[in-house]
Every structure is written in C-alpha cells, then in structure tokens.
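Both complexes shown next keep chain A, but they swap its partner, so chain B is in the first and chain C is in the second.
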Partner chain A sequence: MTRKFRNSDGGLEVKPLPPTETPLNSRKSRNERGLAPNFLAEFRNGIDRIAEVLISAVALLAIAVIFLIFIYVGKEALPLVWGTSDGATILSPFATPFTWQPVSTEPKYNVFPLILGTLKVTLIAMLLGTPLALAAALYTAEFAPPRLREWIKPAIELLAGIPSVVLGSFALMVLATWVQDAFGLVYRLNAFTAGIALAFAIIPIIYTISEDALTAVPRLYREASLALGASKAQTAVRVVMPAAIPGIAAAIILGFGRAIGETMIVLMVSGNSSILSLDPGLPVRTMSATIAAEMAEVVVGSGHYRILFFIGALLFLITAILNWAGDRFNRRLREKLFGSA
Partner chain B sequence: MRKFVDRTFVVLSLSATVIILSMLFLIIGNIAYHGTERLSWEFITSNPENGMTAGGIFPAIYGTVLLVLLMSLAAVPFGVLVAIYFAEYASAESRLYRWTRMAVNNLAGVPSIVFGLFGLGFFIQSIGKAIDQTFYPGRLLYAQPSILWAAMTMAVLTLPVVIITVEETLRAVPREYREASLALGATRLQTVFRVVLPQAWSGVMTGAILAISRGAGEVAPVLFTGAAYFLPRYPSHPVDQFMHLGYHIWVLTTQSTNVEATKPLLYSTVFVLLVLTFLLNITAILIRNRMRKWATR
Partner chain C sequence: MKTKHLYAVALSTLLFLLVSGCGVPPEAITVKGSDTMVPLGQRWAEIYMKEHPSITIQVTGGGSGTGIAALINGTTQICESSRPMKPEEKNSVKEQRKADVSEIPVALDALAVYLNNQNPIERLTMEQVAKIFKGEITNWKDVGGKDTAVVLYGRENNSGTYVFFKEHVLENKDFAEKYQPLPGTAAVINAVTKDAAGIGYGGIGYAKDVKTISIAKTANAEPIAPKMENVLNNSYPLSRQLFWYLAGPPSGEIKNFVDWVLSPAGQKIVNEVGYYPLKPDPAASQ
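Here is the complex of A and B:
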C-alpha cells in the first residue's frame, strides 16, 4: 500500500505506508481476522455502501439530463428526416430562397436569415461588452484598492441577477428611444439596440470569469515582475494577463454562448423581422426569439413545429460546443497555474 | 512618459468599471423612479383588470411563488445529493466524476429557451402523454402545459445553481470534522448527513435562494410549459396553468392593447420583480460572504 504525501517543497511524493497488523480500513472480514462477527457493524457497512451507490446513481442523473435534453429536443425534430405530412423535410431549413416565412400558403423555412440575425446581434453585444468587462475585471483584480474591490464585484454580480425580461423591458421602454435619437435610426427596434441590451446580460459573465482567472494568478508572479522594476500596469498587461489568458478565453467563449442563447432580450428589443442584411440599424430576428415567438401558436406535430425544434437542437449543439470549449480553457488555466485541474 | 502611459491605463480600466456600474445604477434608478409611482399595497394584492390596463398583479405573484416552491421541492434535494457526490464521494480521477462534472457545467450553459423546448418535448409530450394514456384514457390532463411541468422544467434549469453552491460550501467544511467523526466510529453516511451537511446548511439555503431568484425571473422556459396570459382563478391543481411575474412583464410590454395605460403598471411590475430578485440575491451574497469568512477563520 502506498500513499501520496506532500513534501516540504510542495511536490508530491509517494511513500509506502508502514505495515500494520490489521489496517483500519481493511476489507478483510472479522471472521478472516479471527474475530467474532459483529452483525451491527456489518449491517452499518452494508447500508453505507448502498448509500454510496445510490448517491453516485443520483449523480448519473446529471449526465442523463443533458442527454435527455438533446434526445427529446431532437426527437420532436426527427420526423423531418422522412418528411412531415405538410411537406417539411430536413432540407427545408436550408432550401432556397433565403427567407423565413413559416406562415404562408407556401411556407419558407430557410434558417439562414435567423442565423445571420443571431450572429449580428451577438457580435454587436460581444464587441461592446467584452472590452468593458475585461477592462473592469483588470481594474478590479489589479488596480482597485481592496476596500473598493469588495464593493465592485458584488455590484457587477448584482447585474447578473437582473432577470433578462427586466433588462429587455428597460431596453424596450427607455434605451430604444435614446439609441434611436442618438444615432438617428429609422427603426426604433433594431439589431444595434438589441446588441447593447444583450451586452448587459453578458458583461457580468465575462467579468466574473475573467476576474476569477486574474485573481487566481499567484502573487509570486506579480512580485517577481515588480521586483524587476516593471510598473503595476506593465505587470498587469504583460505578466498577469498572459498567465490568465486561458481563463479570459473561457470567459469570452462562455459569454458568447450565453449571448447566442439569450431569448427574452432579443425577443423584446430586436424588432423580430427576418431581414437578410448586415445593416445593424435594421430589425432582426434571432433563432432563440423565433422559437419563443412562434412555438406558442404552432400546431403540435406540424412541419413548422418540427422545424422550431430543429432550430432548438441547433442552438443546443452550438452552445454545448462553446461550453465544452470554455470548460477546456478553464481547466487549462488551472493546470497552467497550479499544475492540476 | 512611462508614468503617463501607466496612469492612462489605470484610468481607462477604471472608466470601464464606472461605465458598467453607472449603467447598472441607471437601470435600477430608472425602474425604481417610475416603478414606485403607481406602486401600492392594492397593486400587489389585486387582480389585473380591463385587459391589463388597470388593477394589480396578485395572481402573478401567487403563481410565481407556487412555481418556485414546486421547483425547489424537486431541484434542492437532487442538487444537494449531486453536490454530496461531488464533494464527499467522488474521486477526482474517476470517469463518473469527470463526466458528471462536465454535464453539470454544460447544463449551466444550455440556453433557457432550449429548456422550454425540453419541457414541452419531454414532460408534456412524453411523460404527460404517458400518464394520461395510462391513468386517464381519453382525457387531456397531464399532456398539456401546466404549473407542474413548468416547475419541473425550471427545476432542471436551476439544478446546476444548487449543485455548484452546495458543493462549494461542503468543500469549505474543514477536513477535521470528517476525520473526528470517522474516528469516533461513525460511518461515511452518518458523517456526511449528521456532521458535514448540518455545517453546510447555509450553502443549501444559498443554493435554494439563488435557484428561486432564477426561477422567478426566467421567462423563456415557462413560455410554452404552463404560463398563461390571464387566469380568472388561481391554480389549485398540478395540471392548472398559472400566471408568472416575468411572463406577465412580457405580456404587458408586447401584448398590450393600450400602451400608455399599461406603462405605469408595467413599470411597477418590473420594479416588484427586480426588488424580489435583488432581495433574494443580496441575501445569498450575504450568507455566502459570512460563510467564506467562517471557512477561512
């Protein structure tokens, strides 16, 4: 038997355990050890082991849920493969023309305008939100006096606690007018306003994750840099930021994932018309908002219903990939800084 | 020169922080200013009237409370068990641990609208249909949107919140507590449930509070799993539909027949929801801060 020890330098060392007559955690039965049976202990140990198995089984549930989500969202879209009774197939979302017009005599289900709309709004939100969130994270982690720091972090986390429907209604009632007046836009509800509102939703995410990454960088790094004569700002940008870069990447990726899936804000502020254009001043319709707006009125089992589930499955896949990537980067950060995940 | 660059850099990053914080205060300030104008005890305790242009929001508050209670009943026990597995039983190298960990992280990032689709496809179209076919042939009870299925959908959405919060607290319980308990001859199960979990009670509370705050504000998952525009009576059975504060805000903003008449009501409703979620979140933050101090003591 061996056991891992941490030696004085902090490294791991594997040492054999000193031999004992009957180790405390021996799985040998009392009978084998020449002792009278202790039924109460046997019973308790049995219960203990059953409990461990049961609790592990509940943990499996978490995995099951992820698969169930994909299976049941996918299942409702599956009949598209052999075609629904009203003529929608798996190819309909990609068939020309590039229009999303699900309710008409000849429905058109091309998802390209929706994907473009999603990307447009998301990109605007990322361009506005990422620099702000990263700069704020850098300030909190590197420059802010400790007393101030204790206030900034919970305050920005409070922003994360604002329900998206509240952000949406604020953007709809107040922000939209301001933005329209300030930029002289023709449409009150458009991709740009939706992007600004969406930025509020992703700033706390990018901020929190990247701030955590920056604070996780050991103090030694900073002290070494400062001792070499670097200034605080140089240390922050050239030493701490590069050390925390996987965590910052994770923050941006996870913020991106949240922006793509965010529903209520874009549903309320984007104007919801599926125009195929790159102009940020025009209304857009995103994938998530399309599902939210149309699912309630659709006939269960119709082609339109199936295609909405198809879009949902697509959203699930995109965000799953982004989450997985973000997770990988976060693990890489911990490996890089502490040598283990 | 170097000093100037340095200064500029600090000032720039400070101004980003200031911009974010001032937007936060702007949002809160605007909503608080307009939201308190029409706010009264009557508004909170009465029903909507005249096609949502008058009256109050009591049914929406009632429905939301009922929803988050049902949701907590499902999410908290399961979440705590998974957290116990993570913190007390799993070994970091085991495959089950790595897969569950990844699943929970992934679950936290699934878009809320996808949870709505899941609720519709899984709970209503599959489980609900199966219940109806088995126990109530020819009747439509469980295979339709209801508060039960909305709560279950919301429970799945808030599960990672509970797991992550509780796990953090469990890990903060000093190792010595477990060792002392085991040394006294307690089994692992007894140690977990009689020694560790009682110490982590604040974490369970925080997890539940954060989950409730999420559940009260998320709208996308209940859009087609049970929320209703308006109901003349309160939900009294699991298969009843319900009114939801967040959903009510969406209804007021987009489905109103008279925008000007609705606006003050809308602002007050937003204010109520915001106060509710903030109170919940601040409580959670306070409990967590106290807990952290306790853990590092």
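Here is the complex of A and C:
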C-alpha cells in the first residue's frame, strides 16, 4: 500500500504507508490491528447490517404476499377441475348460453359477457382518457409557463386521490343524466358512461407518468432541434415526444391496468347487465364488479363461489400478461431508441 | 427535542388506540343482513340504545344472503332477512353453530313495484310484471303506456328481495338479459326516479319520489295497492314477512332487545319507517 503526497516542489512523491496504519476496508477488526475497539463504528456497522436485512425481508415479504394471494385464488378455484358437489366444472364458465345467471334453478356461469364487458369499458376509458392525458402532459411539459405548470401538475395529481366511490357517485347522479340526454340513450347506466367515469380515474395516472417522462428528456435535444430551426411545436411533437415514448408507453400500460381492475366506478355506473354485445349504449357487467357484488353472499365452497375465484384468477392472469407484454414492448422500444435497456 | 416529541405523540396514539380498542363494551349486539331492513334495524337500534345507554347495537346491511352467511360463520348475532331461510341454510347454521335456528318474524312488508312518477301506468297484473322482468314485454305501450323501451332495475343476487321476487313473480325463471342489478334498494329508487322509462322493485319503506303500482293477481282480479290493510289481510299479492334469525333461542341482552322489538313500542317504529307491524297479537312477544 502506498499513498501519494505532494512534495514541496509541487511534484508527486510516492511514500510507503507507515506500517501501523491499515486501510479502512481491512477485514481485521481494530482489536486485531492493535487498536482500542471503536464501539461507535462497530455499532453503526451493526445497525447498517440489521437495516439491510430488515429492508430485504420486507421486500421479500411483499413479493411473498402477492405470490400467496395468487396461490390462494388459484387454490379456491382448483376444485372446478374435478367438479364441485353442485355440478360446476372448469367448463361451466365457457358453457352456452352466453349468460351470467348464477342464482337460478339452472345456474348459468358463462364468463364471455363479463370478459367482453370488461374489455369494452376499459377500451372506451382508454380511448377517451389517453389522448386527453397525453395532450395535457405535453402542454405542461413543453408549453405551459413555469408558474402555471406549478399549478396544473399538482391539480391533476390531486385528481388521482379522489376515491373511486366519489367519482362513481358523481357519475351515477350527474354524469349519467347528462350523457343520456346528450346522446339520447335508452339506458341511463351504460358502458359509455362507465367508460367516461373510468377515464377520470386513469387520466391522472397516464398524465403524471408521461409528464415525468417528457420532462426527463435532456434539454440538449430541445436546444439542438430549436437551433436547427424547428418551431416549438415541431420540437415537442417530433423530438421530445418520440424520445419519451418508453415512459409514455409505461404510463398507458399502468393506466390500462388500473382501468381493467377498477371496481367501484363500474359497479355503480355500468348497470351491471351481463349482455354479450359490442354496443356501448347498453348496460354492461365487468368481471371485477361481478366479484364485488357476489363474493360476499355466496355459500363458501359452492360452484358459484369457485367460479367467482376462477374469474378472479382470470383477471389476475389478464393483467399479468398485459403487464408482461407491456414491459417487453417497452424494453424493445428502449433498445431500438437508445441501443440499450 | 423534536424527535422526543414525536415519540411521545406516537406512544400516546398507540395507548389511545389500545384503550379505545378495549373500550368496546362486551354486550355489543351485531345485526346484519337484509338491505330492505337496514332502515328498520337502525331505527330500532337507535331508540333502544337511547333507552339502554349501556348497550351498543351495530346494524349493517349487505343483503339477506350476506346476513345468513354471517349467521352461519358466526360473525353476526342477529341476522335480518327479507326471505325465509332455506332448509339447507338452517342445516348449515346447525352444523357450524351447534344450535337450532330461531326464526322470528319482526315486521311485514309489501314488496312494491316502483315506476317513475312520469309514467302514466297505475296498475299491472302479476303476469305483466313477470313478462316485463323476463324480457318478454320490452315496450311500455304493450301494457298501456307510452311508446318507449322498458328499462329494468332491481337488486343483485345476494338480496333476499331478489330471491323473493324471482320466486313469487318470475316463478323461478331467469331475469331478462338487460335487467340491471344495482347494489341496494336505495340505488334502485335513485335509478327509477331518474329514468322515465324505468321500473324497479323493493321494500315499501324505501318508496319515496317514485310511484308504487297496484297489482292484480290475475287479469280479471281487482288490482290491489301496496297498503297496510291490504298487507295485513294478505290481499296484496307481494306481501311478505321480514325476519330475524338467531343461532339458538334468544337469551340475555338479545332476548330483551327481541322482546322490545316485538312489543307495541318496537312495532310502532315499524310503522314510522314505512313497513307494517305484525298483526296485533298478544302472543307475538312470547
């Protein structure tokens, strides 16, 4: 071990270290090095190690809990494979007719109306919410004066804090009437109104994340573009936005995940009829609302109960696949744009 | 100094939570079930607690099915139900709770069919109501109304009212595909008040700002209005009893509460809430 010193001439001089001094990263304790134990340092080291173990344990616990929830949901649905005592099997959710009438002399458990309903409402919410959220993000990141930006961003983020039951109540009491009158719809509670209400829930998510992605684009990009004679709008749309695309894609995926799993709003506003139709003016029943409305009441262990868990597992699977696909897409995009993940 | 302060606050909060957690009196009575009966249960509990300040009664809804499940699981002491319990449910209680079910009718109800106030229709036959909810009649003009599509509202399948309606009106046939199940009778009322073409059903106690129609048993029979005298003499076709269920015979504080509910004082409240008292029968408070 050597240490460099400056000598009186200003040049570098290499001196061997004094033999008693050992580097700090030595494995030997101070005691072995012939020094009095430094209790404070040892204590700090110990605290550090405990904290490290604790934090990893908490992280592991979180993963374990999610894993166990999935195991539990799967376990509760599993008896469908060999059939329940009241005649429900793994095929019941796919058996014709295409209706969901679980409480009936002859229960009908077809899940297609619920899957289609979920996708229908989610798609409407995404189509309405995404352009609005992206436009707002682009405006605040690129065009808004800094003082205005300080107001707009927290205001939209505050929207994310509105409990979905409050959004649902507003949609149920006020929005549904407006939409019915404006479009002359027969059904006051329908997929379209539910989609609008759901868009309110996802706009803040898509907005915040994509706004962060846009602001994270280096200033150099903008300056280079402006220096080449591009206008502010051209810079925003053709330079900044493409550079932020991976972040924007992540925002849209997260918004989609929120929309597909959202329960309270659709339970209150969608009318909950299980109809197999693409018409956005009809009432619609989603998978999450079905679970919420029926889980509290079913006889534990009955076919109906098992099928509700099956729907839960299906919902979990759909979101997992979407997240995975989104992540892959995102990564590929990053590689294409920046050469590395 | 500041951290010490924080610790003190945290500690006192914890202590407060502990103390208040222990502060729930052991004689808290839990009542759970029928959504139709929530206003009734709450009013009873309110007045009874005022008269007996040492007793706490917690009333929650969720639907008769939810209440019965809670009675089976032992998470409620009193189950409110707007439909009679099925034999297999009584067996479940016996298996899980090791006690026979006590069935106590506590009030009468007219299951009313609600229409929007703008709807000109005043009466329907049972058959017409059934056809409307089965989706066989889809336009109001077919039953003498305006030329607009019928919009169906009702309760979710955890509701005793849903089951009662399905059994007594639809004769166990399925509801129409476009039937819109809503969470709670209040939601049904809200939907019908806002929808000129809407039709819904639920307990008479909820019927505010909507029209409750008269119902005829057959096409030739006299239509009967959902009114107290018609329910008491059982001429209204959708008269029903509202029940309390217990695991085992009532005892202790619960017995006192049950006795009070069946007494004239308790039955007077039934009327105030909008339901109908049991027939004046001195044996009712056995």
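Quick note on the criterion: the second predicted complex is superposed on the first by the 272 of 341 C-alpha atoms of A that agree within 3 Å, B and C clash if a C-alpha of one lies under 4 Å from a C-alpha of the other, contacts with A are read in each partner's own complex, and residues count from 1 in each chain.
FYI, contacts are C-beta pairs under 8 Å (C-beta built on N, C-alpha and C of every residue); 3 or more make two chains touch, one makes a residue touch a chain.
From a predicted model like this one, the values you see are computed outputs, not experimental measurements.
*Asks:* Putting chain B and chain C onto chain A via the overlay, clash or fit?
*Replies:* Superposition check on chain A flags a clash between chain B and chain C.
*Asks:* Just checking: does A:A176 make contact with chain B only, chain C only, both, or neither of them? Give me first, second, both or neither.
*Replies:* second
*Asks:* Check whether A:T99 is in contact with chain B, with chain C, with both or with neither, and answer first, second, both or neither.
*Replies:* The second partner, chain C, only.
*Asks:* Once the shared chain is lined up, is A:A296 touching chain B (first), chain C (second), both, or neither of them?
*Replies:* Touch partners of A:A296: chain B and chain C.
*Asks:* Kindly classify A:A51 by the partners it touches after superposition: chain B alone (first), chain C alone (second), both, or neither?
*Replies:* A:A51 contacts chain B only, not chain C.
*Asks:* Is it chain B or chain C that touches the larger share of residues in chain A?
*Replies:* So, of the two partners, B touches more residues of chain A.
*Asks:* Quick check for you: in the superposed arrangement, does A:L127 touch first (chain B), second (chain C), both or neither?
*Replies:* Touch partners of A:L127: none, neither chain B nor chain C.
*Asks:* Could you say whether A:P283 touches chain B, chain C, both of them, or neither, answering first, second, both or neither?
*Replies:* In the superposition, A:P283 contacts chain C only.
*Asks:* Would you check which partner chain A:M268 touches, where first means chain B only, second means chain C only, and both and neither mean what they say?
*Replies:* both
*Asks:* Going by the contact rule set out at the top, does A:L228 touch chain B (first), chain C (second), both, or neither?
*Replies:* After superposition on chain A, A:L228 lies in contact with neither partner.
*Asks:* Can you tell which stretch of chain B collides with chain C among 81-89, 225-233, 243-251 or 261-269?
*Replies:* For chain B, the listed stretch overlapping chain C after superposition is 225-233.
*Asks:* Please write out, lowest number first, the residues of chain A touched by both chain B and chain C across the two complexes.
*Replies:* 172-173, 267-268, 296, 300
*Asks:* Show which residues of chain C lie in contact with chain A when the two form their complex.
*Replies:* My answer: residues 62-63, 65-66, 69, 92, 148-149, 151, 156-158, 162-163, 166, 172, 174-175, 177-183, 187, 190-191, 194-195, 197-198.
*Asks:* Using the touch definition up top, name the residues of chain A that touch chain B in the complex.
*Replies:* These residues of chain A touch chain B: 44-45, 47-48, 51-52, 55-56, 58-63, 65-66, 68-69, 72-73, 75-76, 131-136, 138-140, 142-144, 152, 154-159, 161-170, 172-174, 200, 203, 207, 231-234, 236-237, 254, 257-258, 260-264, 267-268, 288, 291-292, 295-296, 300, 308-309, 312, 315-316, 319-320, 322-324, 326-327, 341.
*Asks:* Within their complex, state which residues of chain A touch chain C.
*Replies:* Touching chain C: residues 99, 101-105, 108, 172-173, 176-177, 186-189, 267-268, 271-275, 282-283, 293-294, 296-300 of chain A.
*Asks:* What does chain B use to touch chain A in their complex?
*Replies:* Per the touch definition, chain B meets chain A at residues 2-3, 5-6, 9-10, 12-14, 16-17, 19-21, 23-24, 27, 30-31, 78, 81-82, 84-86, 89-90, 92, 96, 99-100, 102-118, 120-122, 125-126, 156, 159, 163, 187-189, 213, 216-220, 223-224, 246-247, 249-250, 253-254, 263, 266-267, 270, 273-274, 277-278, 280-282, 285.
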